[in-house]
Structure formats: structure tokens, C-alpha cells
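Pasting the structures in now, so scroll down.
In what comes next, subunit A is part of two complexes: it sits with subunit B in the first one and with subunit C in the second one.
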Partner chain A sequence: MGVAVSAPDLEPGPLMLRRRAWLRSNLLPYALISPSVAVIGGILAFPLGMLVWLSLQHYGLRELIAHQGRWVGLDNYRSIVVDPLFHQVIVRSLLFTFACVVLTLVLSTLLSLLLLKVRRVVRVLVMSALVFVWATPVIVSVDIWQWMFDYEFGVMNYLLTQLHVGNFIHHNWFDNPVQGLGVLVLVVVWGAIPFVTITLFAGLLQVPSDVIDAAHVDGADAWQRFWFVTAPILKPIFLIVTCLSTIWDFGVFNQIYVMLNARPSSDYFTIAIYSYRESFGVTQYGLGASIAVVMVIVLVVVTFFYVRETVKVAEIA
Partner chain B sequence: MNLRKTWLSVVTVAVALVAAACGGNPSPVSNNPANETGTLTVWLMNGSAPKSVVDGVNADFKTKYPNVTVNVEIQQWGDIGTKLDTAFAGSTPPDVIELGNTLVAKYAAAGALEDISGKKSSFANSGTWLQSLTDSCTVAKKLYCVPYYAGSRAIIYRKDFFTAAGVAPPDSLDGLLTVGQKLMTAHSSDPNFSALYYPGKYWYAALPFVWDFGGDIASQSGGKWQGTLSSSSSQQGLTTLNNMVSKLSRADKTGDEAKQDQAFAQGHVAMIIANGWEVGVITSATGGDPSLADKLGAFPIPSHVSGQTAPVFLGGSDLGVATKSKHQSLANDWIAMLTGSKHMTEMATVGGVIPNTTSMLGLGTGLNAVFYNAAKNSKFVPNSENWANVENANVLPDMLVKIFTGQQKIPDATAAASTRITSILNGGG
Partner chain C sequence: MIAPGTAQGVQLGRARAEAQANVELNLWQRSKQLLFDATGVAVAALMLFPIYWMVATAFKPGRDILALTPKWFPSPFTLQNFRDAIARPFFLEDVRNSVIIVAVMLALALAIAFLAAVGTARFGFKGRTAFLVMIIGVQMVPLNALIIPLYLMLDSVGQVDALPGVIAVYLAAVLPFMVWTLRGFVANIPVELEESAMIDGCTRVGAFFRITFPLVGPGLVATAIFGFIQAWNEYIIAYVLLSSPTNQTLTVWLASFTTNHGPEWGPLMAGATLTGLPVVAFFLVLQRYLAGGLTAGAVKG
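Up next, the complex of A and B:
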């Protein structure tokens, strides 16, 4: 330290300037990024750290009231690993997420392509409808969906019967979990379409029309023009919306919880519901936290691919 | 300098606020109630006390403690477990809390409720409290709450439908099925008609069937619980119920009982298993049908043994004081006023519930008498601090839905439920 301080006295000029330049080029970026890191640390790392900490403790109601848990190491993780229900929940959550993400992306892409082709008035109308869906609070919209699929008074049963699709009087949509989860996929996809459609539509507006025209002249049909010209240009946007949709759909909670009157049976447990049920239902907050940690890990693994691709695309750009 | 001044005033205000917050006098009520100040927060459950009763208690309380504000907040049953957990974990939980009688053991054992054993005699009628409610308030021989009211179920039926179909209230479960089938035939042109409207998750109404055949939810021996829904007698009860539901009910097999009164009021239902106070909901001008008032009758859930009745679940609520409450004496006094003879009488006559004391059981007249009598042959869920977790984990509703929808056979569904109940009652998840 003493040497460092006295060094400029011995040899002023070039060394000092070089050191300053070194400091500027090496430390300045860190200094500039530090406020963001602090904020992200505060709002993400701290709760996540607390979650991990909680997952290593036995934390029941008694501990909750006394604000003092009992350290159990990895016991909570051991007990969920051997729980057959947990395995079902993981598989169900992954399939549910896959169905939701694929449907959301396919339908949103079709809708956004349609928006390019329609007249301005229609486009404004469709966009308004999409924004309206987006702006509706989830609880309100799910309540309406619940009413539509109601066993006794649901308009869906009435409509399908009137249209002679079959006899749907007193048809219970949630009697069979596969069918019930199908309805829930529909509700989730319905809510997810506006954001993805509008984002993709914004991306489509950036696709240069001369490139499309050139492909057209070269004899590419509509599918080829989309697959070989439009899609590669939209790749970064596809990656981002896929990544975000995966994260949202994997953690879906409100739609299932509200649709099933806050008492979903275990056939409808996704990982978020399961974690909530273990935490607040059976007052095993440590166990619930360990499920939530597993949920984060699965998400990191699943979204790693997308994030890596996104970073690659960003680097190329 | 300015900064220092500001800092000083912030500290002063903070100290003053803390002093004010603590100033509600946690020690016994001082000699002069008029000197008591502060705000008493009371959590009552939706549908428990009629507004007139709450207003009456608050008026009496205001007369005694003119400077204390009482804030009564009505809570919904739906997710009450979650709300209670978080409220008790916080530093300022409500002072008075109404707890369903199956929930008390959990919170008392966790140290959330004040031990009021020494104050028992200060509550009216404490010598004649309903035994089952007193038991629900007692954990490890200490008293943690005051019995509030009870409710027991019977069958509410449409007298006009019965007359038209030429049937009378049955006195056995076989008779109930026969009567139901005759009603179904009489109303065969109505695709929405249910002779006995039974939503799939309605576990309170399933227990009489289990108990009537000698079954139970769980039994305890040597300090360990064992789920017994898979026993042959429990299964026999559930088989009888399943048969009845499949033949007599068009209610949602995955739904709960929350909407059954509205469904009944719409005129396509002949019988429901319900609490006494639900008569008021069915005949209310909002959501119900007042014209049904003269057409309603009630009879106890019959036993499989002709001439006897099935044991029913004795539901109800208790009133406790939070351990962390800063106004425990005021809270106990508020409870004493609500559970005193004056307001208890009103709870029974206006609210239609069973009062907390045997000395008032004579108040049940007319239809209410049927429900009061049903309470005499009643049973309770396992009295364990972990029972609330069985409820919150929806073990029984899940089992019933699986049986009624045919997803699982009765032996499989009951075996799975028994295993889960054994695990939860013994402290597992």
C-alpha cells in the first residue's frame, strides 16, 4: 500500500496515467453496474436466499409464530423426492407448460400474421380486443370462465347442447382431470395470447418488405416465405416470448386455484399449487419452500436453453 | 442543525407512537373502564352472528368502555386457515378470533391462543357449556377458548313435493332411498331435478353415513393415530352414500356445498342435508325464495337401523383471544358480552344456531327443534392439533370426489385417504 501511494511521487506521468486508464477500463463498468446489481440482489437474491434457508428448516405453525425454525438440513428435500405425488406434479406441470406454451405461440403467430393482412379498422378492433383481454385482472376473468363452464348454469354446456355437438346438460368439465386441465390450458392460453401476439406483431412490422418481395419473386410460397425469411428474422423475439411464457406457465397458480374454488383436488396440482398447499394447507413452510426451490431449479434448467440462444443472438447482433 | 432537529423529532414521534401502541393496558382492566382506550379488533366468520347481535354487543361494550373502539371484521370461510396462520405469525394479530371448532386445537397447541383456564368462571353459563364445544376448546387440560355456538345437520325437505309424490319422511336409510326414487320418478320430466341434492365435496354430510355403520375417520391408540376410513364399516357407509348420490343427486360431483341453498331455492331440489340456519338462507329475499317458508320441513338423517337416527357432525365455533393481543382483558370482556345469556338468546332465536349452553336448548322450536335434537346424537372429528391440516389438505373432499365420479373404487380411495390421514395426524405432511 505504501509503495502504491509513493509510486506516483517517484515516477509521475506515464505510470499514473496508465493506472488511471486501467482503473477506468476495468473498474468503471463494475461501478456503473453496481446499483443495478444491488437492486437485483435486494429484490431477487435476498428472497431466493431466504427461500433456500427456509427449505433447510422445519418450519411449522409453532415455529412461524415464534419466528424461529429448527434446522433439518436436507430432510425436506429427501421427503419430497420419495413422495409419489411430487413426481406426478412435476410431470403434470411440465406437460401443462408445454401444452400452454406451444398453443400460445402457434395461435399468437397466426394471429399476428393475420393482423398484417387485415384492413386497418379490423386491426384496430382486434388489437383493442387483445388489449382488453390483457388488461382484465386474472381473478375477474377466471371467475367469468368459471361461470361459463359451470356444471349447472354454464353457458358452455347450454351452447354446445344447442349446437347439437352432444348432450352437455349437466356435463362436468372437471370430472375428468385430463378434460379439466384442457379447460385450464384454454384459460391460460387465452390470457397469454395478447402479450405474445402484440410482441410478435411489433416484430413482424420490422421485417423488411423488400426481402419478402424478393423471396416472392424467386418463387417462394407463403409457407417458405414465413419459414425461411420471416421466422429467422423474428428468432430473437420468438426466443424471448417462449422463455417468458415457459416461466409464466410453469408457475401458473391463479387460474387453477380460482377456477376450482380454492380447493383443487390433487389431480389438478401443478408445482405452484402443490407448494402452496404444503406451506399454507398443511403448515409445513419448510417443505413448501423446498418444493419452491425445486421449481426454481427446474425452471432454470428448462429455460437455460432459451437464455443461451437469446444471448447468442444478442452477441451476433 | 436542521437535520439533527428533524432526526430528533422523528425519534420523539416514534417513541410517542410506540408508547401509544403499548398504552392499551395489557394488564387486567383498570378499576375505571372509562379510562380504557385503544382499538379492539374482532374477527368473526361470515354468517355466524346476525348484524343485530354484533351491534347489540358493541353498544353494550361502548356503554362500559366509552373510549375503546371495537373494529369487527367479517372473514370468509374459504381460505381462513391461510389468513389465520399469517395473522397469528404477525406482531399485531386480531384480539378476538372466532375459530371453527375443528381449528382450535391447532392454534392452541402452537401457542397462538391465550390460556383462559383461570378465567372460565367469569363467562356466563360456563358450568353448562355444550360438552363437545368445551372439549374442542380444551388442549392438554387447559382452556383456550369460549364455546360460541354449535350447528348440527338434518335433512331439509319440500313438504309440497313429498305430498304430491305421496311419500312421508323416512325413518331408515333404505326408506330414504325409496322416498328419493319415488320423488325422482314423480319429477322425471325435469332434467335438473335432484331428490337429494348432494355436491361431491360435502364431507360434513358424509360423516353420518360412515359413523352410522360403526366406522370413523381415525382412531388413537398409544399416542399414535390410525386412519380408519378404509375399515369395512366405514366403507359400508360410503357405499350406501355413493349409491344414494348416484341415484338421487344431479348436483356437481366435484362441487362443494356453498351453493346448495341457492340451488334448493330454485325449486328443482326436494331434499338437502343442511344446518338449521340454512332455512334462513333458502327463504331470504336475496338469493333465496321467501315463498318457500311454509313449504319447508326437516327430519333427522335416518340410521340404517329403522327408527334410529344417524350420528351427525357437531360443527360450531369458539371464541379465542390471541396470545400476542395487547388488549387481552378487553378482548375477554367482549367475548363475555357476546356469549352472555342476553345475546346468546338472540343468536339462537334470530341466528337460528344452537346456543353454547344446555340451559338454552329449550329455545329450539318448530323446524329448529329438529336440528337441536340432532345435536344430541353427534360426534366430532379426531381431536388432534393436526386435524386442521387434514381439512386444509382436502383429504376427505378429494376422496369423496374420486368415489362419486368413479375415478377410484371405494377400497382404493379410502385406503389412500386413510394413509394420508394417518400421516398428517401423526405430524407428517
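Up next, the complex of A and C:
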């Protein structure tokens, strides 16, 4: 009698098994994502919140030692809003980003279209060149360009002089910030072309050729075929590479900082460098944080569309 | 003999004109093709020139580097620059640090990202969309913006100027992209493959490890390449967090490669070549694994 009663406890009945399986299959996905949530939450999301909180504090060297900031509300934001240097920095960052993104996209689009036209051998050659450039670390590329634009023995000054562009002997490109930033745009665009070109080329291969042929038969010229047929099909890819380029170029730090030997003058400050200077240079972490918050806000606005598109794609899949 | 104006003559004339037009068209098309190919070669040369210039400079003796008329080929060839670069203080320590950081970070990242990829690709659950939005959303925040709080956070737990702190930051930086990419790879492997293995007597876990796991190989390789490049090339986080020279990474070592007399271009270019070499090698060796389509046709319909 007693055996009969305790039997369900010793041997789990079908109901209990099903319940355990239900629990397992319901908790399993959460267990699978929990390490990622912990890492991303702890090391990206939490610092993002902390950044906003810091931007509302006075946090200098004394506060750093005491691990305790002093609440100042929006004072940091008030001081950067009236700071003329900050206005220059914002304008410079936007112009720099615009120049880099436009040049990258135009050149990469032309190059990806060219890749469709060349014969196989040439395509392999160009692709290998792109992969080599892509694989070059940013710091390495900055060192190379620094050497190529060296005022005394740089190969660029020699070439430009030989090609009769002008007399560039002992021309220091970084004396004039407009020229210096021009060189930096070149460095950034050179480094960005491989990723964008290869992505666009992959997209171009997906464009069905019968649609292009149909447009051809209907009398569309090459430009019309690109603008009215290819470009709309590639729109999502264009959107993604534009947004990613904007994020990378607006937050540019390494190229400028290393190119100017870790001592950029204020003529070269972009928003990331300015934020870095305010926090680690003059130990005003609160002020630096408020500049970084402005940077994040600008990027969130710019990239909102990218996130929306990507999430749409993810939900369909 | 065919008199001009007769039917046969007209026909012949037409054929001749047609052939002529064909030759012209062919010539036009061939010269157009030649123009495209030449442009392609020129672009490849332009893109590669900076890299060539780095390697060429690295192999030149000092007097050829500092020449007002540049020498296009390293004709007296020397390895002295490489010896100088390696002999510079902290090179070996910093190589070791870079290798440790990248290896530990990649091992952790691949494991964690793979779990999350399976979780989101194979299961529907409440909060899945929120998780995916978070994965995409955090990629929008540049790491540059988070340096201040990351520094303060790691400072309060004593992990500034220590490798674990940098490993943790890199892990978080590459994880969103890795999860997203791997999720695509896992989702592309048909569930039917696993199910048929289970019908054939595999357990669920067995089916997963025998069928799905090997097929995700290319995806793991692709994300590993991405993570490797990101971590190996990263500069600013390592620069801010790692202050003592014995704890720094190779990029920080390279960026600080100047003396009081300005940069020594020969050793600097040799150091740059050495820093870039592993990345290029990684790219080229593993590129063939990136070829997809392994599962194409495994399940019909």
C-alpha cells in the first residue's frame, strides 16, 4: 500500500517528465544568452549609463582618488554649449565625417562597378589589393602615411614636385590644419574603401541580370540603369555602409592622434579627441563625459534608421 | 567574275560591310575592356603602394631611406631595420601581451557568442527581439565614448594596467557583432538535418554536436578573424588602460616609436611590417574556410 503511494515520487510520472522538459526548453534559451547579456550589460550598457551619470558630476583628480563625484546637474553641458572651441570641434567633426563618408562611398561604388567589368585576373588582383589594405592595422597605416608625407624625405613631396603639381620640397603638410586634415581624410578613406567596396560588390552580384537587361532593351543608358535599377535594389546595403562609415568617421581618434604624435593642436580636435583631452589630459572627467554623451546622441540620431532597417530584416528572418 | 550591281555583288558587299562593322565593334569592345582592365590594375597599384612603400623602406639601409630622391627598390638589401625594431625595449613583452589578450579574448568570445547564437536562432522566447535590438544597438556606440567610465570602473576594481581589464573590454566590444554573425550562420543550417540525425538515433545534444557544430565551422572562422583583427589592431583602449611599458600591446608599442630625434623610419617601418604581418597571414590562410555553401543541397525542398 505504502509502496503504491510513494511510487510517483521515486519514479517520475509522465506528467512530471513533461513538466521538466517544458521547464528545460523554456529556460534553455535564457541560459544560452545569459553570458552575452552579462558581458554586454556589464561592460557596455552599464558604462553607457555611468557615462551619462558622470556627465552630471564634477569629477576631477580629487574625485577620482576619492571615487566620489560631486553632483552639478547640467553645469557641464552649460559650459560646453558656450565653449567656442566646442562649436569649432563639432563643425570640424561633421565636415570631416561628411568628406570621408562621401569620398568613401563614391569611390567604393565606382570601384565595385568597375569590378563587374574587368576580366577575372584583374578582379582577383584588385580584390587581393583590397584585402591587403583591409588587413592593415590602423596604427600601421597611420605610420606608413606619416612616413609618406614626411616633410623632408617623404615620397609624396618628391612625387608631387616631379609631377609639376608645385614645389613641395620641404613642405610640411601639418602646418596648415586644412591640408593636414586633408591628408587624414585620405588615410581614413584609403582604409575604409576595402570594406565598403567588397560589401557593395557582393550586393551587386545579387542584382538579377535580367532586370538590367530589360532596362537595356527598353533603352536605358548606363547611368539610368545604375540610378533607376541597380541603386534602388542596393539601397539597404548603401544604408548600412553609410551608417557604419558615419559611426567610424565621426568617432575618429586613432588616425589623428597618432599622426600628430599624440600632441594634436586644437586645430585638429575632433569630438573624440576633445573628449579625451578634457578627461585624461586636464582630468575633467565629468566635462569629458558630457562631450562623449553629445557624440553618442549625434550617432544615435544618425544611425536610428540603420537599426530600424536591420531589426526589420531580423524579424523577417 | 561578278559585275557590280548584280544581286550577287550586292550580297557580297553587304557581307563585307557587316564583317567590317563586326571588326569595328569588336575593336571598340576590346579597347573598352582594355581600358577597364588598365583602370583596375592602376587602382590595385595605387591601393597597394603605401603597403609596398612600408615593406620597401623596411628593407633599405638608413642612407637609402633618408635620400632626397627616393629609391624605388631596396636594392642594397638589409635586415638591420628588423633587428633594430626587435631589439627595441619591450618588443617581446608587448608581442606576448598582444598574443595573450587576443587568444584569451577569442576563446571566451567564440564560446559565449556561439551559445547566444544558438539561443536566438533555434529558440523563440520572450525577450528575443529585445535581445537582438540590444545586440544591434550597442554596436552604434563608439568605444571611444566609453573610455572614461570604463577607466573609472576598472580603476575601482584594480584592473587598470592589467591584461584582464583589457580582455574584458575587447570581449564586450566584439561580442555583439559575433553573436549577430554566428546567429545568421546557425539559422542557415536547416533544423531538418538535426531532426533526421535524431530520428537516426542521436540524442538532441549529440545531433547538435555531430551535425550543427561542424557546419557552423566557417561561421566560427569568420567571426574569429573579425575578433582577431579588432583586438590585434585596437589602440586607444590599450593606450589608456595599460600604462606600464611591460603591459602594453604591440600597437601601443608601435605608436610610441619615436625618439627625441624624430622617428627612425627604417626600424619603424620594420616594426609596422611585423605588426601587420600576423593579421595579413590570418586573413590569407583562413580565407578559404570562408567559402560558404557547405550545406547547400543537403535538404531538398
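FYI, the second predicted complex is superposed on the first by the 259 of 317 C-alpha atoms of A that agree within 3 Å, B and C clash if a C-alpha of one lies under 4 Å from a C-alpha of the other, contacts with A are read in each partner's own complex, and residues count from 1 in each chain.
As a working rule, contacts are C-beta pairs under 8 Å (C-beta built on N, C-alpha and C of every residue); 3 or more make two chains touch, one makes a residue touch a chain.
Being a predicted model, the structure only gives us computed values, none of them experimental.
A.B. asks: Between subunit B (first) and subunit C (second), which does A:L48 come into contact with in this model arrangement: first, second, both, or neither?
C.D. replies: So A:L48 only meets subunit C here.
A.B. asks: Tell me which partner A:L64 touches in the superposition: subunit B (first), subunit C (second), both or neither.
C.D. replies: Touch status of A:L64: both partners.
A.B. asks: Which holds for A:S266: it touches subunit B only (first), subunit C only (second), both, or neither?
C.D. replies: The answer is first: A:S266 touches subunit B but not subunit C.
A.B. asks: Please indicate which partner A:A202 is in contact with in the superposed arrangement: first for subunit B, second for subunit C, both, or neither.
C.D. replies: Neither: A:A202 stays clear of subunit B and subunit C.
A.B. asks: Between subunit B and subunit C, which makes contact with more of the residues in subunit A?
C.D. replies: C
A.B. asks: Using the touch definition from the top, say if A:P35 reaches subunit B (first), subunit C (second), both or neither.
C.D. replies: second
A.B. asks: Is A:I297 contacted by the first partner subunit B, the second partner subunit C, both or neither?
C.D. replies: In the superposition, A:I297 contacts neither subunit B nor subunit C.
A.B. asks: Considering only touches as defined above, state whether A:L125 meets subunit B (first), subunit C (second), both or neither.
C.D. replies: After superposing on A, A:L125 lies in contact with subunit C but is clear of subunit B.
A.B. asks: Which partner does A:V282 contact after superposing on A: first (subunit B), second (subunit C), both, neither?
C.D. replies: In the superposed model, A:V282 contacts subunit B only, not subunit C.
A.B. asks: For A:V138, using the defined touch cut-off, is the partner it touches subunit B, subunit C, both, or neither? Pick first, second, both or neither.
C.D. replies: Once the two structures are laid over each other on A, A:V138 reaches subunit C alone.
A.B. asks: Looking at subunit A, which of its residues have contacts with both subunit B and subunit C?
C.D. replies: Comparing the two interfaces on subunit A, one with subunit B and one with subunit C, the shared residues are 64, 67, 152, 261-262, 280.
A.B. asks: Would you tell me which residues of subunit C are touching subunit A in their complex?
C.D. replies: 33, 36-37, 39-41, 43-45, 47-48, 50-51, 53-54, 57, 65-70, 111-113, 115-116, 118-120, 122-123, 125, 127-129, 131-138, 140-142, 144-153, 155-156, 168-169, 171-173, 175-176, 179, 184, 187, 229, 232-233, 235-236, 240, 251, 254-258, 263, 265, 268-269, 272, 275-276, 279-280, 282-284, 287
A.B. asks: Can you list the subunit B residues touching subunit A in their complex?
C.D. replies: Interface residues on the subunit B side: 78-79, 81-82, 85, 88-89, 106-107, 109-112, 191-192, 201, 250, 252-256, 258, 263, 389, 392-394, 397-398, 401-402, 405, 407, 424, 429.
A.B. asks: List the residues on subunit A that touch subunit C in their complex, please.
C.D. replies: 25-26, 28-33, 35-37, 39-40, 42-48, 50-51, 54, 64, 67, 111, 114-115, 117-119, 122-123, 125-126, 128-148, 150, 152-153, 155, 158, 190, 193-194, 247-248, 250-251, 253-254, 257-258, 261-262, 272, 275-276, 279-280, 285, 288-289, 292-293, 295-296, 299-300, 303, 306-307, 310-311, 314-315, 317
A.B. asks: Show which residues of subunit A lie in contact with subunit B when the two form their complex.
C.D. replies: That would be residues 60-62, 64-67, 79, 151-152, 169-170, 172, 174-176, 261-263, 265-267, 277-278, 280-284, 287 of subunit A.
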